[in-house]
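In the two complexes that follow, chain A is the common piece, with chain B as its partner first and chain C second.
Up next is the complex of A and B:
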């Protein structure tokens, strides 16, 4: 059974990205309507819009939260060839009891790209306040705020040029058993049949070096994500391409004491159609993949460490007639499609067999 | 297998089906997910408003798997079971059978207490005419009733084996608890005494007792009959009394028992076929049941709803010494007989989940049992606790090449999932910790991570989490929370708090950042932000050289304000010499020396005055030149050190300083030489 809460986002066009803060209590959405909205979950579990502003002069593709030790900081990237860093500032208290007003201000526009900025991600916090962007011209840029109290300074630390246009980027979340920090980027270029996922390592000479391309994945890649890593001995990268891939990466040392990566990709074809997005849960025991067929699939790792699709959620365009088909019982949620307010309902699990 | 197909759910969202759109999902926290319509984008997508712009509603669906433990009654079940779980872990797999039995019974009594509370809740919901609550509690009862039933049977089969391995007497206990009707009737009738036999329930109760193998109670009831002294009743009593029973403790050998039984059975059957009891059909029926008469039992079977209802009773009269390993076969034989008589085609037998689990248990198919009980809508409470108990008692047996290893993995993964699901729930996170604490390295890592993910709103909550992190030795988690709290305070302009939290984090870099912030603010405004906190830092200042500088500078600032100029001057000179002055602070520090230098009676000696002059020329002047050059190149950069809140122009500062030094030097030299002379 699921409890469902429906939120009318009130964006004027499709949402391209939804991001949650470290605790899952704040939500940021960005859209083709060129605006960003920030939502807060109240004590009763309702999501209330707390801010919205026009952030770019083109569609906003991606949004990402910084770790809370850097404050309330967002970064967005857009078709308008820029990425922007936003910080929420607390205004003066009006009265002693009232909560102070908060608003988001643009701290920096990162305008080095000459093409659409396709993805932006903050680095894991042990690297400091750092972020990476990818753009359609194939360049990865890494920026850092050297003074975390002053977010108006974001010098470019590195530029990594690639031959193929890039669609997505992800930082590895730990360096366990590895000699360096890893960064993965994917390309959605369709003409060539070479590997579309690239792994970069931060070398001892303080440069980012492309160490590997995952040759199994030659189809366009639209999203990838390193899994959070609490206590695992290897690293996992989920890749959305023509199929879903889960790539296990291990650092190995060969006879001459050189470290290199042992990369093993497993393909999951359950979607039977291209996969657009991937998202891990916080312990990397579950994964959501977005198919092209109007379905998301939820994957679970079982106790033998194998991944299995545990549930499928599909979108219905309209209310079903009163003949529920056997293998897709439609939820009993009563939210009208035009509802402006959230409604609560529940979906029942068809596999839940009666116990009595 | 049907269960292995993923479950399919549907959400209604028209925007998902427009053009080439689809549905996408994100994890929120725990197992909560957010779904929304998604438009595929590639790096050569052109930017234009979509055809649905402004037409279809843009929706976000928040989905959360139902969580039963938000209910107060079930919450107390989780809490009580948690302490039993902890007690079980303390046995460290070396407990005695009696100790594991005690744990198992404690779990079960917690469930039973919970069932009673749920019954009361239904009653009060009925009174309040709250149909939703009634249905909810009814559902919980059916879940936890099933759990108790399966747990009880597991306890009998796996934790409480008799020395002889015979299971029948315990199965009778189990069935008596779960089908208590006859026993209840019998209790009422026994209270009626001599009038019992007039009651309509008298014979049904007797038959029910016999069907459940409760021979002694049945005899007691027979004694109440007014005709108890007649030959027929006496004969019946005699038959029941002489019925041999197989001792659980294996006092009689099985061969001896079988021959005794056979003798008794032949004798009894002979009596029945001689029609001795024909004039008392009620009594004859009872005896026919006791002898396992096929026809008689078949008639009874047709009246049952559950396949296992009369199974233990039948075993009692036909295979009293049945051992655990024989139970699976016996159960299957009985089940097909039951299905045939009930008119089910055994291939299509629609068994309910509970029926199936009971069969799997009797077949000793733990793999199937664990698989099935995971589907209970109890958020994995039962499967986690039962598996863990069996594992601890050394009774968990599942198929697999590497058995022992598999069992540990299974048990650990259940604990991991259950613990982490509790930890991502606001009010239950402390209970969840105990489960993660007992499932190895990965559990510890998850615990450290999830601890930092608990959304704390107040300082008190933060301190509580930190206290736990300290106990567990999660240094990083503790540090994270302190830094987050520090940044939060800073944003809220509670600077003293921010500094205290930063110091608590013991992160040198972070403390330096905050100290920098305070010094910077001071050098720009002349306003010391949190004097009380700085004054009380004490030895903790050594965490960061910058903090040492801040504290020492603050001491100077205090002396100066109290017009205690001599120690102020001494401190200032020390600071200038300290080599820990941050670049940006040089102008401020040197400007501070001007009034001391200009004092009519010199506060600074000639040697030290020279030193100040030296710092001016070797530190500040090059710094200014560097900054000016940089500004030529990057005119947009903030001018920082070229400006002070006291004196606008840096050139003026340098001139003033040089002059002050010269004047003080002359005064100091005169006085020093005079005194010396």
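Up next is the complex of A and C:
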């Protein structure tokens, strides 16, 4: 069961992304109102806004935390055609009891894009301090901070041009059973009916090469995510499009010792509405996807190794009151805000009806 | 007005975006529409042309820049069309000249007047809406001039007291009133009849204001500035700020959209080539964007009061007529939701709470309950109602039904993980002891599969030889079990089956294929044999028929915290042979023959099927009862079990077992690359839960160099002398060679040399006994020695 707690985020426009940090103790939100907010969890589990600043001059689409080994570092990307790298500075504390002052400082503006930067993601830690951006003109840029102590230097390592505008990107988190690092990018282009998800591999020639397009997915893609791989022989990619797709990617070596990817996409239409976001848990045993209707679906593997929707959650009645006096930072919603569950799927054989 | 009507009737024809290249060299700086809005004047550095607008394109009507007239007076910054006479045009030139043109004349005579009065560039020119003979211009010299086009000289000069007047606009609401915006960020209102002083002046922006536009119906003035903002001022009485729009680039022009009170179009002076249409109530994201131009857009105009057509000129030397339906809608493309999954099982979910039009259709009733207003029909009307909330779905303690002991029932998945990480014993004891202990630990946390595995490991590996005798013991331990199903199937050696089976004694409705189960020997694993005890008495519940309940990795059952009902219907996670039914039928056959009979396939390796899934669940262990086989090699099977455990996400158990097994793990054939991945995953998990000591222990116990070395990175601490501040790198201990002192080794609180734990500040290099420092910083926050603001947390 889930309890629903409503956080009055108090952003002035739509929130486009929410991200937990590595430890799950901090949360960052970014919004069209051009601000970023960072939330810290207190001992009681309440989320307290610790920082809030105007980060861009356009809508902020995505936000991503770097591995804490690199410090408290965030990256944001925006409609204003830039991505920015932020670092938290902890000042000296003023009095013995007060907590040290914290503020976020812009370390770098990545302004190479000439169109809206639609997504930004830090690379897995073993690659160093590296990030990838996608932009509406279809260019993937990979930046690296060669000196992790100096976040003001981010040379572009690679630029990968694509014909279609891109909306999202994901790094594969492991190269287990693969010959190279993979990147996946999705396009939200609506006019054509070609494949909208592309797989890029880092080739031996030190170039990123587009190896595959997933032709099953022709609808605009809004989000995609590689599952963490704790040692599976294949890799999983969740894709949010008009429906949810889970794509299994396996590295295979053919007779002539060429490695290629064997890709199988499975479609899940349970949402019955466009899917906006996908997110894996740490071990890839669970996937959540969010639909346009405001439902969050929780997916787990069933016995045939297929993914099945295990639960649907929707917080109803949890709309914030518009009374300004109630704008306390965290508002616990009473009985009205209990999570609702919807049962999906049918059981045809009466023998299969479970007993309790 | 008749024309406007006509367009609306011909709406379908006009509804396409059309474009035309207007010149080869130079670029357009401004455009103006005539009163009927069927002709467009385009002005630029070497360009002054009039085009007729047709539904399918533009046709050149008149070119006022012949080859010979190349003087600066023709290089225009702005163009204006008389509000009455469609033949009268005015231009403002870069050299300050304001010209009036009469299109009805020919050749040179077209140029009706040349007012060469401004000392510097004229930026803007405009006709009075109320009196078509009156023309005003604004210039870089800081003046505004009024002309009557019937006269040869300007009628009046207004001094703005600023360096430069960038834009001048007649108010549609008050005759004689003009607004003028300047590079110093101010807005002035002038009454043309009172030339000495502006009637209102205020600072609107922190940077130069480049443009302004009066709202067609409300008494609002929009201003656009280099500070990338568009501001909407209510000009009733004293100007008050109504709205601020943040754009991504310096604002070059703004234009209110006809028929839409809250819409305004803007284009940028640099960087951004798009034209954005904003809803001023949603000041962060454009309502619509036209992205057709390939260089900066310099002029925009709505086609009369047709809100669906927008004309624009650009430095890319093209004119466009944009149809609104072709505009891109950035807000619709934008992800309206965000979700993140914490590794404590919590979901953070941000979604748009006010509706997009589609939501209105789907959930209209629900929405109306909280936004109490009429259901909107116009999608444009909905646009500004955008806000998100953040829901935190907090995982409640796990489902209680599967746990044996009460005290574990309120644990969440991650608490089980953390508990196991802390309590599992990985080294230093006999394997049998460790396994036993770990079985108890995992049982305590409800990880029954892990318990079973540990128990198996104990049984199989605690003795060094894997002899027949060993196997017999193993087998005997099952001998008096209530039921045993036999299963022999070479193809399935590779799989571990965990099958929760319907207990047919409890239910007569079992599917027919379960009949065999009745005949089969049921296995009741009792505690005495070292396997998790499952009292038959606990099997009180009814369970679904065999084919549908597939059991499940108990840990996952445990951490699925959703409604059990849902779970049983479709949440079960089973990892086993892909073709379960096939296996089952095989089993049946076997049973029908003779369970205990010697089988013809004596050559087969026997394999054991573990496992009672969880203690209060009826469990059928599929174990082969086979004729004695000389030596049972369990390694393959154990390796598979461990890999299975990893596959289902319980890397913790896999890696712990491998560590605990010590050298015996070499018997298992598990790929080193896989083990390394497991190690990395497990260490990463421990780090996420901030279990540094446990992670370190795992690294130390690793037999893979790459993992062990993780512990040896960045392990040195660099210290400075407390006296002189030099690094102590080259010296021995705390002795500083520079100032020949051992000062750094002394406690700054008590002055004695520190032995044991030494806490010191990296900032000032002073420190002392840990407990002294702790005491001290309980009351102080500055260094006892030097007053440095040490950070001691």
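Criterion: the second predicted complex is superposed on the first by the 306 of 356 C-alpha atoms of A that agree within 3 Å, B and C clash if a C-alpha of one lies under 4 Å from a C-alpha of the other, contacts with A are read in each partner's own complex, and residues count from 1 in each chain.
In this text, contacts are C-beta pairs under 8 Å (C-beta built on N, C-alpha and C of every residue); 3 or more make two chains touch, one makes a residue touch a chain.
Keep in mind it's a predicted model, so treat the numbers as computed, not measured.
Peer 1: If we overlay the two complexes on their shared chain A, which of chain B and chain C does A:296 touch? Say first, second, both or neither.
Peer 2: In the superposition, A:296 touches chain B and chain C alike.
Peer 1: Name the contact category of A:81: first (chain B only), second (chain C only), both, or neither.
Peer 2: Second partner only, chain C.
Peer 1: Looking at A:148, would you say it contacts chain B, chain C, both, or neither? Reply first, second, both or neither.
Peer 2: Only chain B; A:148 stays clear of chain C.
Peer 1: So, A:214: does it touch chain B (first), chain C (second), both, or neither?
Peer 2: Neither partner.
Peer 1: For A:117, decide between first (touching chain B), second (touching chain C), both and neither.
Peer 2: neither
Peer 1: First (chain B), second (chain C), both or neither: which does A:18 touch?
Peer 2: Touch status of A:18: both partners.
Peer 1: For A:176, is the partner it touches chain B (first), chain C (second), both, or none of the two (neither)?
Peer 2: In the superposition, A:176 touches chain C alone.
Peer 1: Just checking: does A:247 make contact with chain B only, chain C only, both, or neither of them? Give me first, second, both or neither.
Peer 2: It touches nothing on chain B or chain C.
Peer 1: After overlaying the two complexes on chain A, where does the chain B footprint on chain A coincide with the chain C footprint?
Peer 2: After superposing on chain A, chain A residues 1-9, 11-16, 18-20, 22-24, 27, 29, 31-33, 47, 58-59, 61, 79, 100, 116, 167, 188, 222, 228, 230-232, 276-277, 279-283, 285-286, 288, 290, 292-294, 296, 298, 302-304, 308-311, 313, 315-316, 318-320, 339, 347, 349, 351-356 contact both chain B and chain C.
Peer 1: How about chain C: which of its residues touch chain A in the complex?
Peer 2: 228, 246-248, 271-272, 282, 284-285, 330-331, 333-353, 358-359, 362-363, 366, 370, 386-396, 509, 511, 541-545, 547-550, 552, 556, 560-576, 578, 580, 643, 646-649, 651, 673-674, 677-678, 681, 685, 687-690, 777, 779-781, 789, 791
Peer 1: What residues on chain A touch chain C, complex-wise?
Peer 2: Contact set of chain A toward chain C: 1-9, 11-20, 22-24, 27, 29-34, 45, 47, 57-59, 61, 79-81, 92-93, 95-96, 100, 116, 167, 174, 176-177, 188, 222-223, 228-232, 273, 276-277, 279-286, 288, 290, 292-294, 296, 298, 300-305, 308-311, 313, 315-316, 318-320, 339, 341, 343, 345, 347, 349, 351-356.
Peer 1: Okay, in this complex, where on chain A does chain B touch?
Peer 2: Residue positions touching the partner: 1-16, 18-20, 22-25, 27, 29, 31-33, 47, 58-59, 61, 68-72, 79, 88-90, 100, 116, 118, 136, 147-149, 165-167, 187-189, 220, 222, 228, 230-232, 274, 276-277, 279-283, 285-286, 288, 290-298, 302-304, 308-320, 327-331, 333, 335, 337-340, 346-347, 349-356.
Peer 1: Spell out the residues on chain B that touch chain A in their complex, using ranges where they run on.
Peer 2: Residue list for chain B touching chain A: 3, 5-17, 20-44, 47, 49-50, 52-54, 57-66, 142-143, 145-146, 352-354, 375-377, 406, 409-410, 412-414, 416-417, 420, 424, 441-442, 444-446, 448-450, 453-455, 480, 483-484, 486-488, 490-493, 510, 513, 516-517.
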